Amino acid sequence: MEQEPILKVSDLSKSFGGVKAVDGVSFTLRAGETFGIIGPNGSGKSTLINLITGFVKPDSGRVFFRGREITGIPPYQAVTLGIARSFQMARPFYNLTVYKNLVIPLYSPRAKRLKGGKYGDRDEVAIHLLEEVGFERDSLVPYKLAGTLPHGYLKRLELARCLALEPDLIILDELFSGMSMSEVAGILPLLEKISAEGKTLIMVEHRLKELFRVVKRVIVLNFGRKIAEGTPEEVMGSPEVKEAYLGGEVAEGAGS
Amino acid sequence: MAKTAYRKERVDRGIKARTDDIFALSSFREILYLVLPRLLVILFLLPLPLFLGTYWQKVMLITLIIALLAVSWDLLASVGLVSLGQALFFGVGGYLAGFFSTRWGWPPLFTIPAATLTGAVFCTLLLYPVLRLRGIYFGLITFALPLLFMRVIEATKILGGTEGLSSLPPLSGITVELYILIVVTLGCVFGFRRMFDTDYGLVLKALRDNDRSVEAGGINVQWYKAQAVFLAALPAAFAGAFLTHHYQFVGMPAFALDYSILPLTSAILGGIGSFAGAMLGAFILVPLSEVLRAFGTLRVVIYSVVLVIFVVGLPEGIFHYLQRKYHQFERLVPMEEVSDGARADFKG
Amino acid sequence: MEGSLVSVLIYGMVNSAVLMLTSLGFSLTFGLSGVANFAHGGLYLVAGYMAWIFMHNMGLPFLSAALFSIVIVGLIGAVIYRLILMPVRGIVLSEVIATFAVGVAILEFFRWRGFVTYEFNLPPFLKGGIAIAGVNVDYQRILIIVIGTSLAAFLWFFSHHTKTGLALRGMAQDEYTALSLGIESDWAAGLSLALGSALAAVAALVILPLGLISINIGYDVLLIALAVSVLGGLESTAGLIVASLILGYAVVATSTYLGPQWSEVVYLAAIVLGLAIKPSGLFGKFKELEERV
C-alpha cells in the first residue's frame, strides 16, 4: 500500500506561443509523501501544477492519479477524485464573508459525499476549518468580508478551502509567499499534521528554508525542464541547480 | 463658534434584523420592519391595473415585460455573464410561441408555457459553448446573436420573413394579462432573491467573483453557469411569448436592440444584484419614456445620457440607495464642548 | 455587376480596404488600452456630419473641413476618456455600456436634429475613375485602398518601432510594469482613445463620399469594427488585414451571389462563430486567449 504511486506524471509538455513553459517533466509520488517543486521565477512551476490539476491542457504527456489517467480532465473532476490545490495569487470571493467562502467548496459533490451528515451544519464545519488554519474562533474575523482580510489570512483561507474538500493530494502553490516568518512558523505544524494524517502534499515554493522543513523530496525546474530530483540536500548540492539559482537563495536554502 | 456642536450620527436599525443566520426577530415591530417594503410593493401593484385607463394599462404591460427582461439580465450579471442582448431570449420565446400557434394551432395557454421552456432550453444550448468566455466577449456574442437571427429571418424568409407571424390567438383582456404579469414578475423577483440566499445561490454569486476558485472548489462551473442561463432565460422567453400573444403578432422587431437596451438600462438605473432594483428601474424608465414620447428620438438620447450618468457616477443604483436610507437614519447628536481637532475627526 | 468574377475580385478588394479602414481605430484603441470603444460608430458619423457642416454652413473648403473634423473628433475621444472612462477604468462592463450609450446618444441626437435627408453627402477627394479589366472603378475607391494600406503600415510601424508606440503597447500588456517604468496609464489610454477616434474620422471622410451619410451607417460601422477585431484577434496588424480580406470578399461574394440582405449576416456570423470557435482570433496570441476565456 505504502509504495503505490498516488501521482505519476510522465513526459508532460506545454508551450505558449513558441515558448516551452513545461518541457518533458516526469516524476512519481508515493501516497503520504511530502514533495516540493522549486525553481527560479518563470521556470514553469505554476504551469506544471495547472497541467496536473486540469486548468491548462498539456500538449503532450500523461498524468495518472492512483493508476487512473487524468490527463486534461476538467479541474472540478480532479477535485472530485481527491486533488485540491491553492492558487499562488489568493483570490477569495471578495463579496462573501470569510466563512461563507468555505461554503462553496463544502457544496461540492466530493465534500458533500465525504462530510456526509456533517454538511447539514456547514457553518459549524466552516468555522471549524477556519480555526484549524489559525483563525481565532471567537474573533469577528470569520464574519468579515473576505475582501478585507490581510494577505497572510487570505493564504490561510486558501488552505482551508483545500482542506474543506477532504483531499488525498494537496497542491499548494507558494503558500508561504507574503507571509511573515512568524506566520509561516505558525502554519508549519498544521502542514506536519496534514502530512501525518496520510495526505500527500506537493508544495511549490520560493522560500526554500521553510520548505525544506516540511518536504522530504524535491524536484528542481529550470526553463520548464526538470534539472534535479532528490532530497533537499542532494539537489542543493548539484552544480546545475546552483547555476540556475544564482544569488543568495541557494546559500540560504542550503544552509538549513 | 457655537459652544455646543452637533455631530451627525448614523444609526443602522436594520443591522440586527438583517444579520444573516442570526434570527433576531423578537417582536412584531421587527417583523413588520422587514416585511413592510415587500408589502408596500405588493399593495402598490395589485390594485394599480384597476385605476389605470387603457393607455396607461398598456404602458404598465410593457413596463412589466421590460421588468422581466431586466430581472433576467440581473440574474445573468449576478453570475458574471454580462448580456448585451436580452432580445435573444425575448425573440426566441416570442417566435416559438408564434410558431407553436401557427403550426399546431395551440391555444395561448399551451404555447406560452411551451415557448418559455423550449425557449430557455434552446438559448441555454446555444450559449453553452461560449459560457467560458469572459467579460465583454460573452456580451459581444449576446449582442450579435439576436441581430443575426433577425437578419437570417429576413434573408431566408422563414417564420414569415419580414412579414412576421400574425393573427395569433389573443389572451383574455388586458386586466387579466396585467395580473398574470404582476404575479410572474413578483414571483421571479422574490424567488430569485430567496434563491440567492441559499447555498446554491452562494455558489452562483461566487461565480461572478472568481470562477477559477469555484472550479478549484470542486464545482462544475460550466454546468452551474448553464443552469443560471436557463433560469434567466425563463422569464425573458416568457415575456416574449406573452407579448406575442398580447400583440397577436411576432416579427423581426422581437430581436430588436430596444429589448436589449431597455432592460439593461433599467437594471443599471435601479441597481444591480437585487432583482428588485431591476424591476424598480423598469418602473421608472418605461413610464418616463412614455411621458417623453413627444420628444421623438431625443428620448433615446436622454436614456443614453441617463445610462452614462448612472454607470459612471451612481453605479450603486436607485434601489441600493433607497435600501440604505431605509435601514439607516441620521440624527444630530449634541456634543459637549469639543476641540476643533476632534470636530475635524468627525468630518472624515 | 452581373455576378462577374472580375468585379467580385475588384470590389472585394475595395470592400476589404473599407472594412480595414473602418475598424482600424477601434482595433487600435482596444489593442493599446483594452477599451472597447463602442462609441466608434458615433464618432465616425460625427466626423462626417461635422465636415458637412463646416462646408455648408461655414463655407470651408473640403480639405480643411476634413482636417478640422479629424482633430475635433480626436479631441472628443480624449474627452470621452477623461470624463466617462477614467472613473470606471478597469470595469469592463461599465466601459462598454458607457461608450455604447455615448455612441447611441450621438447617433440619435443627429437623427433628432433631422440629419436624415438626401442632402447630406461629402465630395470625393478624386473624381472620375478607370476601367480595370472591364470593371469601372472610381479613383476614390482606389484612394481608399491606398490610404487603408498605408495607414495600417504606419500604425504597425508606430506601435512596433517608435518609443511612444512601444510604451503604449507595454502598457496594454502589463500595466504594473509600465507604471513602474514611469509611463502614465491615464495619459496613455487617453492618447489611444484620441488616436482611435481620429482614425475613425479619417475613415469616415475617405469612405463616406462613396454614398449618402445616414444614421444607420453608425451602427453598421460598429458592427464591422467588432467583426473584424474579433476575427483578426486584437493588436495584430496581420490579423486585421487578413480578417478584413476574408470579410470583405465574403460580403461582396454573398451579396453578389445570394443577395445584399446577406451581407449583415456575414458580419454577425463572423462575430458569433469567431468567438465560439477560436476566441483568440485568427492571429491572437496566448495572452489574449487567457483574458478572453
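The letters A, B and C name the chains in turn, as written, and every chain counts its residues from 1.
The rule is simple: contacts are C-beta pairs under 8 Å (C-beta built on N, C-alpha and C of every residue); 3 or more make two chains touch, one makes a residue touch a chain.
Worth saying up front: this structure is predicted, and the values here are computed from it rather than measured.
Q: Whose C-alpha centre lies nearest the centre of all protein C-alpha atoms?
A: B
Q: By raw count of C-beta pairs in contact, what's the busiest chain pair here?
A: Result: the chain pair B-C has the most contacts.
Q: Using CA atom averages as chain centres, what separation in Å is found between subunit A and subunit B?
A: Distance between chain centres: 41 Å.
Q: From the C-alpha centre of subunit B to that of subunit C, how far is it in Å?
A: Using C-alpha averages as centres, the distance is 33 Å.
Q: On a C-alpha centroid basis, what's the spacing between subunit A and subunit C, in Å?
A: Chain centres of subunit A and subunit C, defined by C-alpha means, are spaced 46 Å apart.
Q: Where in subunit A do residues touch two or more of the other chains?
A: none
Q: In their complex, what parts of subunit C are in touch with subunit B?
A: These residues of subunit C touch subunit B: 36, 83-84, 87-88, 92-94, 96-98, 100-102, 104-105, 108-109, 111-112, 223, 226, 230, 258-259, 261-262, 264-265, 268-269, 271-272, 275-276, 279, 291-293.
Q: Where on subunit B is subunit A touching in the complex?
A: So the residues of subunit B in touch with subunit A come to 21, 199-200, 202-203, 205-206, 208-210, 212-222.
Q: Could you please specify the touching residues of subunit B with respect to subunit C in the complex?
A: Result: residues 77, 82, 84, 129-130, 132-137, 139-141, 143-145, 147-148, 151-152, 154-155, 261, 264, 268, 295-298, 300-301, 303-305, 307-308, 311-313, 315 of subunit B touch subunit C.
Q: For subunit A, which residues count as touching subunit B in their complex?
A: It is residues 53, 55, 74-76, 79-80, 84-87, 91-96, 100-101, 103-105, 107-111, 122-123, 161, 164-165 of subunit A that touch subunit B.
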